[in-house]
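Note that the chains are named A, B, C and D in the order they appear, and that numbering of residues resets to 1 at the start of each chain.
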């Protein structure tokens, strides 16, 4: 398993991944912001400002390390748990959260402009979209890759196989990024697979990388290598990032029904942010003040986001009718009139 | 690749697989019968006695070697090309061929009594049925396994993945038997996969066996081992049998549109029957007379089958209505009355 | 003393009783075992009947549906769950291609006593793919039965009957009614699969619905009654087989009908009901049957759900329309 | 000198012209490239436009449908083929969950100019899964357009329009008509998607159909004409959008209608047409609309196909029935 920083924050192997100090700091800033935002969203949901929310706490390194390794021309295909990747990608959090507020469907932000596909709920379906986009990019001669997130549960779906096999056959520029966070709602890893997900790569004929998903530098390095490989025409890579879902599956879930606190404690000791902070402090890339600054900055940003999202009002009912087709057929316009009056 | 008899009929490795001489002869008899029957069916189709027919010529060793390794309690899940396996399994060929005559759907014979599932056309779907049956057998504490046939084309379907993964997670007694015959209609192997199918096994956490599919003893040995393993509770095995589809995909297909005669010639030199006949003669398990006897016997059997199938008449239209439900709902009975009169 | 039972509890009891009475019954799906299901419908089953008979599957809906076929061939009686309406679609190929056809394919030699439970329809302010009405996909597929309960006690009865049925049954559970309660002892006695039920009497117009829309129709009928408009409400309960006789009997008396469902208008089940009425009760119609349904657009986000699902007002309005319009004489020959 | 063109040739030309005119058009599916398709519809395309724009995919229908989404996001215009009706079902989840919803999901920011061609319906004495009528699954799915040509020249026109359409179109090709021929020069001019066409005039009854059933209706109309019964035949061409105006206009004149399709009766498209007529032309009806359809059973083996598909006799019989029954006076208020 690729690991560059040990859980205790000490270097493990060579932590030189070719990032400048400001970039190394940016990774920490983003992780701190993401954590703060995630907790803020949990609070917003409890306050009734969001319908349901799927927290990613514990997976900050996996999401930010991978998203940070991408270029502007690349395209991300997320699931429903990639808010951290979204902010690393520069997505407006208020727009994004309209999905969880229940005022918009999966793509409230502009997917094309941001290179970030709509939030995708049906497991593994987005992996095929990534292969399709990658084929399109390849046909256009673009030096770009698609990165698709999925979990170990999604890896049980037939679509995950069709996507990987198609990407292999056409040597498509795709990075299949599996966040193996231990659980698929209430089903543990062993209920989904009898072998490490990463081993499947070889069966398709492309490389797989097993990486410590709570080590942001290792995740960055693995993703950067896979993306480079994809862009240079050598085809797909499967990355299995070993991490853990610290919180419930969503705010509707109660993990105490199905898992031990001990397991959670085990992973709490492997917190990705704590680890990276310790590392950066020890190598002197940040100091206590800088970290404190990130915390305050996150506090403010999240306050703004909260203010932004709570002020989002219900959309007009016309929204329902106006986007299903480029030009609503007459039968649909009639339904619109019945529902809203006028035309 | 497991091979016990070289293409020239000489032993390669130790051809001792634990079969008695009469069983060794039976394998040859079945292969000769299968080949004769397959050609007979092609003729029947040209004569307008069958609607479409998918020939298996070239795959006799793969099908008969594997089916012969099974016990009565085991259950076979075929595709649409397993007539050779069917006769090895003792299925009545006339009943089976009613499917190709267009008088019956996939299960003209009794699937439960014969342990041979209905002919299955939607690719890879039967692999999941095999996993389900295997789970049922395991729950019943039976010492039996399911063997499911599929091709390298079917291996691209999501169902092939879900079946393999489920079988692995529940350690089900299944043998996934892939006849890699070079083609999926007009698409060559490299259009379906970028790596040998057998490599996928490891990704699921169970063993895979690459075997010379034109070497009947190697196929028998591989299947026998996999079946034993399954029955003794050690879970699934994936077998990739390398063989070749000598004929068209079906009688509606013209391979000259998409493949070279040279490739076919290459494989003609690796004919599974010729190879095994030479081997048995060289080790003295059969003599020329015995082989001639098999040929005559096959000639007669096929003549009987032909006579049987051509005398099968059109089914009554009532067949359409009487088997969809245990008890046809009134709305359906009304349709039956409209179509047939009476009740 | 009467006991109050929620639909979740009633469904749970139905599964407990089925598992207890028939050792061949198996319950499986995503998250149904260890944790007892997203909606607690399968709660406690694994503890009581063991991990062999009540188990979690990997996230693989084609796998879940396809395993039902294999298990049925091995003589088991699978009761599978698709976690949500919108996630039942990966299983459609196995359902349409095999579960619905298998028995017919072998001329009755391979019965498929399969029940597939699908938490369905909207009303829970769910995310995209969590509020779909999938009934048309299943009801159009020849070889399947499709039932939808509208109350806890009927949910118990219909689920027991579905599990006992020798043919495959798609059991659509109205999520919006999971917490609805009813007084009484769950029992299998009562109307069977294929029988509709009049849940409110009235002679001016028949409201035809199923699932969560039944109570809305009753509500609408209530408010209309205050205007002196007495409506009958027919709960279909079973879409396949369809109780055409009951539909016709009602329309004969009322001469007017309104069909209500959440699914989109085009080819929603209301189309079939309307066509049946046209075919069997045309001469008795005093006005055209009206469909009150979801719209021909993807199910909207939570905040527009109420604008999408048929409201009591829309239903009542439709009834008034049918009463306003009476068959014009011009049309008689 | 007029040229005679088969439907296969017309479809092939439509693809050639689309590929030539729009460099963003891609054609792919199982066996469509190297060998030019099972039915030769894509013959010669790969030679002419290269393996990058016309290619074979692995056998993976969810993959084919899902790739359309990704390619559309990348600015391409995918024209995918599902090899047969019965093999389009593994793609349903991607079609229902994404292709139909994607544009709406992003409020128009991600257009899905996708065409999915599916050789469909019966009549070729095919094997199980090769004679299915899948239109209901697609037509009920909000966000899709569904078209079915009934002649070579209309096949050309509809396919060109489908490929040019900014929204996803399910293009169902009647296999039984592949070898049917027609005289004339293929052209995009003429009725668009969403417009039905009267293909035969008559004032006693309207026969409504699409695809291969249109010619059967014309045949039935012919034999009825010899009895002095003049029937109008309406070719729907497009199921979604549906040309309700044309249907109503016809029924206004004839007062009687018979809807014909191969799909099973329950929730077949005839249910929607009947419901629309009920809603929009009730007062003009002289008799109940009759549906002549396939039966509510799995599509039968080859030798029973003729007993299953609506025959000229069944169609003609239905027309006579509608003429026999006239709205009884009793029913007028």
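As a working rule, contacts are C-beta pairs under 8 Å (C-beta built on N, C-alpha and C of every residue); 3 or more make two chains touch, one makes a residue touch a chain.
Bear in mind the structure is a predicted one, so any value in this text is a computation, not a measurement.
A.B. asks: Report which interface contains more C-beta contacts, comparing B-C against A-C.
C.D. replies: B-C
A.B. asks: Measuring centre to centre, with centres taken as mean CA positions, what chain is farthest from subunit A?
C.D. replies: B
A.B. asks: Calculate how many whole Å lie between the centre of subunit B and the centre of subunit C, each centre taken as the average of the chain's C-alpha atoms.
C.D. replies: Comparing mean C-alpha positions, subunit C is 41 Å from subunit B.
A.B. asks: Give, as an integer number of Å, the spacing between the C-alpha centres of subunit C and subunit A.
C.D. replies: Those two chain centres are 37 Å apart.
A.B. asks: What whole-number Å value describes the gap between the mean CA coordinates of subunit A and subunit B?
C.D. replies: Taking the mean C-alpha position of each chain, the two centres sit 44 Å apart.
A.B. asks: If you average the Cα atoms of subunit C and of subunit D to get two centres, how far apart are those centres in Å?
C.D. replies: Here subunit C and subunit D have centroids separated by 30 Å.
A.B. asks: Provide the list of subunit D residues touching at least two other chains, using ranges where the numbers run on.
C.D. replies: Answer for subunit D, listing residues that touch two or more other chains: 58, 60, 62-63, 86, 89-90, 93, 97, 101, 104-105, 128-129, 142-143, 240, 242, 266, 295-298.
A.B. asks: Which subunit A residues touch at least two other chains?
C.D. replies: 104-106, 122, 156-159, 162, 165-166, 169, 191-193, 319, 324, 331-332
A.B. asks: Touching subunit C in the complex: which residues of subunit B?
C.D. replies: Checking each residue of subunit B against subunit C gives 75, 104-107, 110-112, 117-118, 122, 125, 128-137, 139-140, 146, 158-159, 162-163, 165-166, 169, 319, 322-326, 329-332.
A.B. asks: Which stretch or stretches of subunit B touch subunit D in the complex?
C.D. replies: 51-52, 80, 99, 101-106, 121-123, 153-154, 156-159, 184-187, 191-193, 252, 257-258, 314-315, 317, 319-321, 324, 331-332, 335-336, 339
A.B. asks: Provide the residue numbers of subunit D that touch subunit C in the complex, in ascending order.
C.D. replies: Spelled out, the residues of subunit D in touch with subunit C are 62, 86, 89-90, 92-93, 96-97, 100-101, 104-105, 128-129, 136-137, 139-140, 142-143, 240, 242, 263-264, 266-272, 274-275, 277-279, 282-291, 295-298, 326-333.
A.B. asks: Which residues of subunit A touch subunit B in their complex?
C.D. replies: 156-162, 165-166, 168-169, 171, 190-195, 199-206
A.B. asks: Using the touch definition up top, name the residues of subunit C that touch subunit A in the complex.
C.D. replies: Of all residues in subunit C, those touching subunit A are 30-31, 34-36, 38, 56, 58-63, 86-87, 89-90, 125-130, 265-266, 295-298, 300-304, 307-308.
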